[in-house]
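Pasting the structures in now, so scroll down.
Paired with chain B in one complex and with chain C in the other, chain A is shared by the two complexes that follow.
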Partner chain A sequence: MTDTVQAGRRKFFDLARPSRQHLLGYILIAPAVLMVAAIIVWPLILAIDLSFQQVKIPRLGGASRPFSVSNYVWLFSSQEFWLACWVTLKLVIVVTAGSVGVGLSTALLVNNRFEGRTVARLGMALPWAVPEIIAVVIFAWMFDTSFGLFGWLAIKLGFADQMIPWVSSSTAAFWAVAITMVWKGFPFVSIMCLAGLQSIPSDYYAAAKVDGASSFQRFRWITMPLLMPVLGVTLVLTLLWVFRDFSIIKVLTGGGPLRSTQTLSIMTYDQAFQYHNFGRAAAVGVLTLVICIIASLLMLGRRSKSIY
Partner chain B sequence: MNKRVKRLALGAATAAVMTMGGFAPAMADTVLKFISWQTDDAGTGEWWHSAIAEFEKQHPGVKIEFTKAERSSYADTMTTLFAANQPPQIVHLASFEFQMFADSGWLEPLDPWLKKDGIDMTGWAGQKTCEWNGETVCIMTNYFGFVMAYNKKILGEAGIAVPKTYDEFLAAAKATTKDLNGDGIIDQFGTGHETKGGPGQYLTEMLNYIIDAGAYWTDKEGNITIDTPEMVEGLTRWKTVMKSGVSPVDMSASDVRKLFADGKMAMRLDGPWLYGTTEKGSAKSDIVYVAPPLTPPLGGSSNVLAMPSDIPDDQKQLVWDFIKLTMTPEFQRSYATMGGNTPPSPKADVSGVEKTIPHFPVLLATMKAASEKGIDRVPTGLELYYNEFSKMIMEESQRMIIQDLDPAAVAKTMQAKAETIKG
Partner chain C sequence: MRRTLAQSLALYATVIFTLVMILFPVYWLLVTALSTTDELYRLPPTFWPDNPQWDVFARVWAAKPILLWLWNSMLAAVGSVALSMLVSVSAGYALSRYSMRGGATMGLFVLTAKMLPATLLVIPLFSIFSSFGLIGSLWTLVLAHSTMIIPFATWMLKGYFDTIPKELEQAAMVDGCSPIGAMVRVVLPIATPGLAATALYAFVLSWADYAYARTFLVNSPDNWTANLGITTMQGEYVTYWNDIAAASVFIALPIIAIYLFLERYLVGGLTAGAEK
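Our next item is the complex of A and B:
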């Protein structure tokens, strides 16, 4: 009897059996799943829970406040929230378009054979390698209103007769943030696109040339359709990066002036750490997550299947 | 074989003893965490280190772990530590940020501790700010008055006398703002204010002009008093100074101080901490400290010491011993001699400090003048909402400057928004 039970157990844990091989997979990914649950899912549940409580500063292990939707009521009726949504949308469009435009162009450029291509490729990837906070501090110096490089250049080149108030003008501040983000974001697009371009067989281009296709036609009908799978994923990742990026705006403008660069992530921070309204901050964070999920689904879901 | 075993046993025993010996002091030590933004401040940082050294000498086996957190992210750090139930035992906070922690019941009421040791706080500058819901929750570490530092070489070259009023100050600032090399970029400014950074500092900078015009955000009962002719005048002055180009824009306070210390600015209105920067600047020999032309001088509470309410009692006693040590007349004196600060204790002997810090009498005089007029940066009734309030004031002031709005209309908007914030 005991032998039968032991044999049964052995069979169950015999991971070499084809019918048990999936168990090995689960066992191997279990630590990673538990880790993800601990550092992503649990805080997410806490944030959702917090967003339904009227709480100023929460305390770990402290008693929960009664369920309330007041944070969401405040959020939807708040002009600040809709302004942050608008700024985020503008920034997402401008920075994503800018990063994809510059990134794709540079990828096409360094995909060609020319003298110094290796150096050009390294130079293209350099902004990606520079730590974000260091890059932003350098840009903050270059955009400095009193002694900045860009203002000095504008005067020297005759574009302006005095220094440009990059951080104290709503329009200039938005563009200062956008330019910095494009500079930091385009190498990722370049690297991804370059990988995609190198996977396109050169025979296609040779055949098109024989058929008399122009450069633009080869780009339009060969490069773009075959690059779309890579470009689609890159677009979503860039969009999500712009959505959640915090340090560039925080260091450069702090969300100002007049909230002209206050995105949803800056608003979340301000509500939590400036005004000590953690309940409201959690509500902004949860809504940002929902918007990101919807945007990703729209871009990667059925409707965008055609791009693949 | 036997010898080998013996050697091994001896080696193992030695290693065990050495290991245990190494651990022993660490196990016996009690460590008090103390986080501050002033760890390496010129003068003040040294004063904190001297207090820690003396405390550790008086309490063998007790160590204070003194860690720096940047001022710009200090409130975030402390909020996170308190929220995570991991506050430092010695709590050091700015006088405009302790209220939120006190309101959550996280700071120990200090009245019983003061009573137990028979400490009389009468005359302790700014101590009233530390009262929250009728209880003393902190000890005021620093109460200051603003002074004006000027560069005598720049004023002398422009043929300008040291200004005594707002109008003279503005005229002097305009006369000393210059593009020295003719490249179209201003190289020397008349004065300087922080306009980039925290709203709290922005408010402090503009408050110099507001107070001089006879205005303030609230009255003593906490009623909002922004929509007044005096406030309109104060806002007009701030707008004039910022629009006339006499101050660099989009600069942090530390950058402005550095600019002044290096001789690229004629005048700077600031607190006692400016001295630490000017002493290291290249224009050190040209800088003179005097009473500010804007009166009464801006001043008020700066930072406080407190203890968390939920640490063990034995740790509370140690923290209280440390706070008490910093309050002794000896350390209050060294707060002046070493830190160059105005000590809040009325018993502090500050005689002779002017030998090392020549402008110390000016610091004392402005502190007293500010204290007598009841000036503080934190408006009564808005303590809990200070960050939200200061951000609103900063944004409306920026709007006034960027969109060239009428200060009277801005004062009305500020009044309405402040009332909404107060609720």
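Our next item is the complex of A and C:
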């Protein structure tokens, strides 16, 4: 009698039994779900809740303010928000286009067979390994208003007749940020494209050659279509990176001058930690997230699975 | 494909020119560190210092608590990678092997988590950490960096486990191994390259953080990470670029070294799942 009960009990915990397999799955995934709930979902809910309260500096467990949409009303009627949207859009387009352009061409370049290709590949993608803050340090010095290399080069090459005020001119500051971000962002595109290029079977090219396709035709009709899925995902990931980037802009220009480099991300942060308007900041942040989601779903469409 | 000599030359010229353009900023960082202040504040700029100041590294190392900053960055990175891998490995394995209700929802969630701006998450995290009295402690970074790492690591690891045939565990279980035993003794050893790639990539993510460190640790200099420390060297009136450049070399070096020696793993991590 006791034996059978114990056998039954042992059976109950016997995870090898097919009917218990799902249970084991849930047990294995539980820690991650709990962690994510505690450090992502809960804070996210708090943030959304915060965006609907008129609150300066929130205290957890403090009395919740009444529900109000005043943060969003303030946002939509403030010039600052629309300017930040415009700056973000400009930066996303310029940096994504620049990164994909440089990344794809460098990938095509080092996909060629030549002596020392491994070293060239390592070198091409090296900026990826330079921490963002260090990249900013280098570029901040190269964009220095009085003794920066870029200002001197611009004079030498005849683009300017005096040193360019990179920090105090809106246009110059925007381009300084964009150039820094492209330098930091293109290696990722390059690495991804190279992986994509290598997965294209060389038979395709051989066959096309037999049929007399020129190298441009081979690029246009073999490389591009087969690279498209990888390129699409990479494009969206780069776009999201620009959208959310904080450190490059914050340290290089601080969002200035006159908010000309203030993206939605920078605006979110400054509203919270500079002006102590946590409610408004949360509202900007929530809207940024919504825009990110809509933009990437639109771009990926049915292929959104591949971004996982 | 055979190339003519002219084609080969053109290819090499293009490769070298592109490499010089791309790597120039890194070279410039070194030159800046090795130049004297006089050489820096002079036009035209000095492309190689007359008298390289190699002692700048020793001077900055002594003047600034760089070792402490690096140590703090290391603690935050190791802590968050360990915590994240602990939960992500088993979750990734479960997602790969068991069909569960809500599996697709998980995928959608990972996608959303990837889009979550740190500048949004930092707001509620700040109030949560301050009510637990954690502001100023490195634990804030361990938890905050885990918000970046767990979603991507789980999905990346699921991808790796998917490439390992199920038959291996089935064979182990037929031989009397428990499901957990099959996972720990059979699948994990095979997945080691995948685990290494994920952990390395997560380490780089954590090392690169600035937003969280700046928000949670700015008033506790003893816990400053490398990235936070270096930004405080930018003076309000005078900035000693050679000192900053030398400190930057110290801070960039660990990651660049990892990249150069373990590039295969790192790149494997980046491109996992890219070729679907």
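Rule of thumb we're sticking to: the second predicted complex is superposed on the first by the 279 of 308 C-alpha atoms of A that agree within 3 Å, B and C clash if a C-alpha of one lies under 4 Å from a C-alpha of the other, contacts with A are read in each partner's own complex, and residues count from 1 in each chain.
One rule holds in what follows: a contact is a pair of C-beta atoms (placed from the backbone, for glycine too) under 8 Å apart; a residue touches a chain by one contact, two chains touch by 3 or more.
Note that this is a predicted model, so its numbers are computed, not measured.
J.: For A:Phe81, decide between first (touching chain B), second (touching chain C), both and neither.
T.: Neither partner.
J.: Does chain B (first) or chain C (second) touch A:Phe150, or do both, or does neither?
T.: Touch status of A:Phe150: no partner.
J.: Quick one: is A:Gly256 in contact with chain B, with chain C, with both, or with neither? Answer first, second, both or neither.
T.: It touches chain B, and chain C stays clear.
J.: With both complexes superposed on chain A, which partner does A:His276 reach: first (chain B), second (chain C), both or neither?
T.: First partner only, chain B.
J.: After superposition on the shared chain, which partner residues are touched by A:Asp161: those of chain B (first), chain C (second), both, or neither?
T.: first
J.: Let me test your reading of the model: by the given contact rule, A:Phe52 touches which partner, first (chain B), second (chain C), both or neither?
T.: In the superposition, A:Phe52 touches no partner, neither chain B nor chain C.
J.: Between chain B and chain C, point out the one touching more chain A residues.
T.: Between chain B and chain C, C touches the greater number of residues in chain A.
J.: Residues of chain A that sit at the chain B interface in one complex and at the chain C interface in the other, please.
T.: On chain A, the overlap between the chain B and chain C contacts is residues 58-61, 144, 146-147, 152, 272-273, 278.
J.: Show which residues of chain C lie in contact with chain A when the two form their complex.
T.: 1, 8, 11-12, 14-15, 18-19, 22-23, 25-26, 28-29, 32, 40-45, 83, 86-88, 90-91, 93-95, 97-98, 100, 107, 109-128, 130-131, 143-144, 146-147, 150-151, 154-155, 173, 178-180, 204, 207-208, 210-211, 215, 226-227, 230-231, 234, 241, 244-245, 248, 251-252, 255-256, 258-260, 263, 266-267, 270-271, 273-276
J.: Name, in rising order, each residue of chain A that touches chain C in their complex.
T.: 15-16, 21-22, 24-26, 28-29, 31-33, 35-36, 39-40, 42-44, 46-47, 50, 58-61, 106, 109-110, 112-114, 120, 122-135, 137-142, 144, 146-147, 149, 152, 156, 183, 188, 191-192, 195-196, 199, 229-230, 233-234, 237, 240, 243-244, 246-247, 250-251, 264-266, 268-269, 272-273, 278, 281-282, 285-286, 288-289, 292-293, 296, 304-308
J.: Contact residues on chain B for chain A in the complex?
T.: 75-76, 79, 82-85, 100, 103-104, 183-186, 195-197, 248-251, 385, 387-388, 391, 395, 398-399, 401-402
J.: In their complex, what parts of chain A are in touch with chain B?
T.: 56-61, 144-147, 151-152, 155, 161-163, 165-170, 254, 256-259, 270, 272-276, 278
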